[in-house]
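Structures are listed in the sections that come next.
What follows is chain A paired twice: with chain B in the first complex and chain C in the second.
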Partner chain A sequence: MTEHFTRRDLFHKAARGTVLATLGGGAGFLVKKAHGQVVWQVDASRCLNSRLGEVGVPACNLCTTECVVSLSAVRAVNEHSRCGRCNICPAYFNITSAVDERGLPSEKLCPRDAITRRPIGKADPEDPANNFYEYLIDEEKCDGCGKCVIQCKEPLGLGSIVLRIRYNRCVDCNRCAISRACPKGALVQVPVERAVS
Partner chain B sequence: MQYRQIAVIGGKGPGPGQFAASLRGIAVDAAGSVYAANDSQITLFEAGGRLRRRWSTSQPVHSVAVAGDGAVYAGQIGQIEIFDGGGKLLRTWRDEALLGRVTAIGFFAGDVLAGDAVGRAIRRFDSGGKFRNNIGRDNPLNGLLIPNGMVDFGVDAHGVVHAANPGKHRVERYTPAGELLGHIGHFHGTNPAGFGGCCNPTNVAVRDRIYVTEKAGPRAKVYSFSGELEAVVAADVFDANCKNMSVAVDRGGRVYVADTVKLAIFVFEPVAI
Partner chain C sequence: MMWGRLAACCGLVGRPLTAILAVLVLSTSLPAQTIPYQRPVDTAPQEKTIGGGYQTPPVQKPLPRSSWLQLLDVAVLAAAMGISSWLVLKRRSRKALVALAIGSVAYFGFYREGCICPIGSIQNVAVALTDPRYSIPMVVTATFFLPLVMAIFFGRAFCGGVCALGAMQELVLLKPVQVPRRLDRALGLLKYAYLGLVLFFALKPAAARDFVICRFDPFVGFFRRTGAPHMLLIGGAFLLAGMFIGRPYCRYLCPYGGLLAWCTRLARRGVTITPDKELDCGLCADACPYGAIENMRAVRRNCLYCARCYAACPRDGELARAKAQLVQLP
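Up next, the complex of A and B:
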């Protein structure tokens, strides 16, 4: 009987290892967690950078400064299905910077140049406004400072960019350092099966 | 040119003349009566702002317009309901394909123009509801760029359709047949002569000039037909979270702007300097 369970355990561990290797760090972390266990998550409806109703306030960067992980475990994520794919994206451009000869803001917003864009479909060289654009966030560069998130939220944007904890970076502290600092209580623990990866 | 605020109509609440949850469209008729598309109702105010009557629509209403004969058109999802001035339903045009979500309605020489936010275009119908052509759709992007989710336009005395194309920071001019004639406007993040943010202006009305509203920060402005900014009508009276503020202009040049958060219609009049 003991040998049977040991073999089963070994089999499960091997299978789990295969799944983890296949899925990679973020989703893999969630797989490691047993049903019913909890993980930390950013509640966008509480986060100062993304919750509705407050405009004209500076971006909160506590997810960057308080996280114990180097460069933070939090990243800005663009939910493409909600993105307006605008020519002039306030999360990509510094929209109050001088306008260049193409009629576009001359400066980008992200201090780490983590956001890039590319035209969707055939680009119109005569008129950059004649295109939809896809906005991509490089997670190796992003440190979750929230500047793009607050610029993207309604009514200025469509709220497609939100902050997410990346579980391949998160070290799963018992008492998340960001949660202790967050003035809005936006870092919450949720059952692993409800976590957004 | 300058403007001053002279009245506030409506407001959020359950009372008579107030709006419960939404205020999506406004219109002004030749006599200066104000029509509001709110909740699932049309609410009619006298020129001074006093409530005259209100009636229900079959669905939440997204736009309202008054034809020359006094008929009231209420834009909805998949249909337009047409009422007489007393609120009696005369007929309903249903077309899920061409009237996806009707966020603006206008008239030209007996034809009815409907802004369809789902199709990102203006649909032109004859007086009987027969489809004639699209406006704003014949371009590489197959429609107007409307991240805000609404199509709005005005028609001038010559039949030129002035349509907001907020993704391009322009107000475009079209013939009723759909030919693009040109545009005014450009992006600028700080100069009020330009349109700011990701996507402005959101709303347009036309009479002797072009009247627009913007979001983030919300403001109403007036442009000449050649594109010069003539006035910022108002900015700081609107709730900062406002977007898609319907705008209308009466014969006296008074400007009506619907605050979509306060659920109030702000009225401004030009002031001689």
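Up next, the complex of A and C:
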């Protein structure tokens, strides 16, 4: 087998070079205008559940039902620094349920029992109503249904519970399925630094 | 009823005494059923007010995949393509390729949950090239261009054992039947129609933009072990059909396969059937489930690097030794 350099080889070489140059040019163009990573984020000012307004209307649970991963990538977060640490937390208790012997509502609000309540600070055993309570949301249980979010806002709460995206679950879809369904367009893409800082 | 409010006020002001008073006053007027609720506080109590050495717990912030792990994905993609072409073009080993396919399904499929993949990145690249306000991270650019550049030199090495969708179908293909050539060609045009459709939806204005490939990805539901029922059904149908018809998604629908097929026409190297050594027995052509061997010659644009032809060759060992004498085929 002798090596021939035929016209076909020449054509192939030229074509390959052209295609490579085109691909390289395209890639260069994209790299030049490339940005850092962007991630999806719930805009609390647009989210129906955290937006000010009527309390007691059914929570919008599209974040739970629409997300493409099994346990939604959206979950509720209690921003502790903004939490009122109330004795009767409207997001922890179902405040319309009957009062038990301790003077607390008998039912909890969270359908997945994801919130835990514990007394904190200088405890006054004589008067539990007077103590502060910490409300922790178990990340692994929460599916982002928004029931607590809608309760913890004016006029009942301080709005310390908001919906956030857990980026270890979010698969960063091109067009987030929740954003497609969200009536308020509350899911937006932001630079990663803004989302996690 | 000021029960809650009073209680919290007590909490903020001189606590024990007022609290006891409040309880004494209020215990008489407690409602039998529910508490008409009012917000107890107007500002959140901070660590000092709470006392008892309380420290505010940090809010959990699960971070996105860190950038070096994203670079690792690109490196794994490049390495897997290198291994794939080496296994097929040099080693000519079907067994090793199946092992690579299993590894790819595990990494790109089940570990990375099918994202990001070069097939879907067509849309992002197309939008980024046309919309001045849309841009993509460099990782996506690399994911899109690497397999194409690879195809210009070594053919569709990406399809063989690297693409998670392809590898999955490669692994379920147990009883291949030959698709009649004319039907195969006609169905093969579908992927270009699909590519056109994809670009049509991706290049719409931002508000109406849709990423069709991702929405109708047949296997991503399996990789994520969850998904819309109709998509899981479609994926199941593809896998079931794929047990007999070789890689139906790759051959008839995959838009990226269309791009790779164009690039592969220029490839320097490809799967070769050695004419001076062959027996003309046609076993390789029978073994090829993708109709990529015509007249005892490999058709590069259709060759999906599965190495079945080598495995079926009675002169496999000899061919491996004779690789120095391989003939370049157009």
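Note that in this section the second predicted complex is superposed on the first by the 151 of 197 C-alpha atoms of A that agree within 3 Å, B and C clash if a C-alpha of one lies under 4 Å from a C-alpha of the other, contacts with A are read in each partner's own complex, and residues count from 1 in each chain.
Please note the rule applied: contacts are C-beta pairs under 8 Å (C-beta built on N, C-alpha and C of every residue); 3 or more make two chains touch, one makes a residue touch a chain.
Quantities reported herein were computed from a predicted structural model and do not represent experimental measurements.
In the superposed model, A:Pro155 makes contact with both chain B and chain C. Of the two partner chains placed by superposition, only chain C is touched by A:Asp172; chain B is not. By the touch criterion defined above, A:Arg82 reaches chain C but does not reach chain B. In the superposed model, A:Pro90 makes contact with both chain B and chain C.
Once the two complexes are laid over each other on the shared chain, residue contacts for A:Lys122 go to chain B and to chain C alike.
Of the two partner chains, neither chain B nor chain C is touched by A:Ala59.
Looking at the superposition, the partner that touches the larger set of chain A residues, chain B or chain C, turns out to be C.
In the superposition on chain A, chain A positions 84-88, 90, 95-97, 99, 103, 105, 121-122, 124, 129-132, 154-158 are in contact with chain B in one complex as well as with chain C in the other. Within the complex, the chain A residues that touch chain C are 1, 8, 12, 15-16, 19-20, 23, 26-27, 29-31, 33-39, 68-70, 77-88, 90, 95-99, 103, 105, 120-124, 126-127, 129-132, 134, 136, 139, 154-158, 160, 166-175, 192, 195-196.
The part of chain C that touches chain A in the complex is made up of residues 3-4, 7-8, 10-11, 15-16, 19-20, 22-23, 30-35, 37-41, 43-46, 49-52, 54, 56-57, 59-65, 67, 70, 113, 115, 120, 123-125, 128-129, 132, 135-138, 141-142, 145, 148-149, 152, 209-211, 214, 224-227, 263, 266, 268, 325, 327, 330.
On the side of chain A, the complex with chain B involves touching residues 52-53, 55-56, 84-90, 95-97, 99, 103-105, 121-122, 124, 129-132, 154-158. Per the touch definition, chain B reaches chain A in the complex via residues 139-141, 145, 147, 167-170, 186-190, 194, 196-199, 215-218, 240-243.
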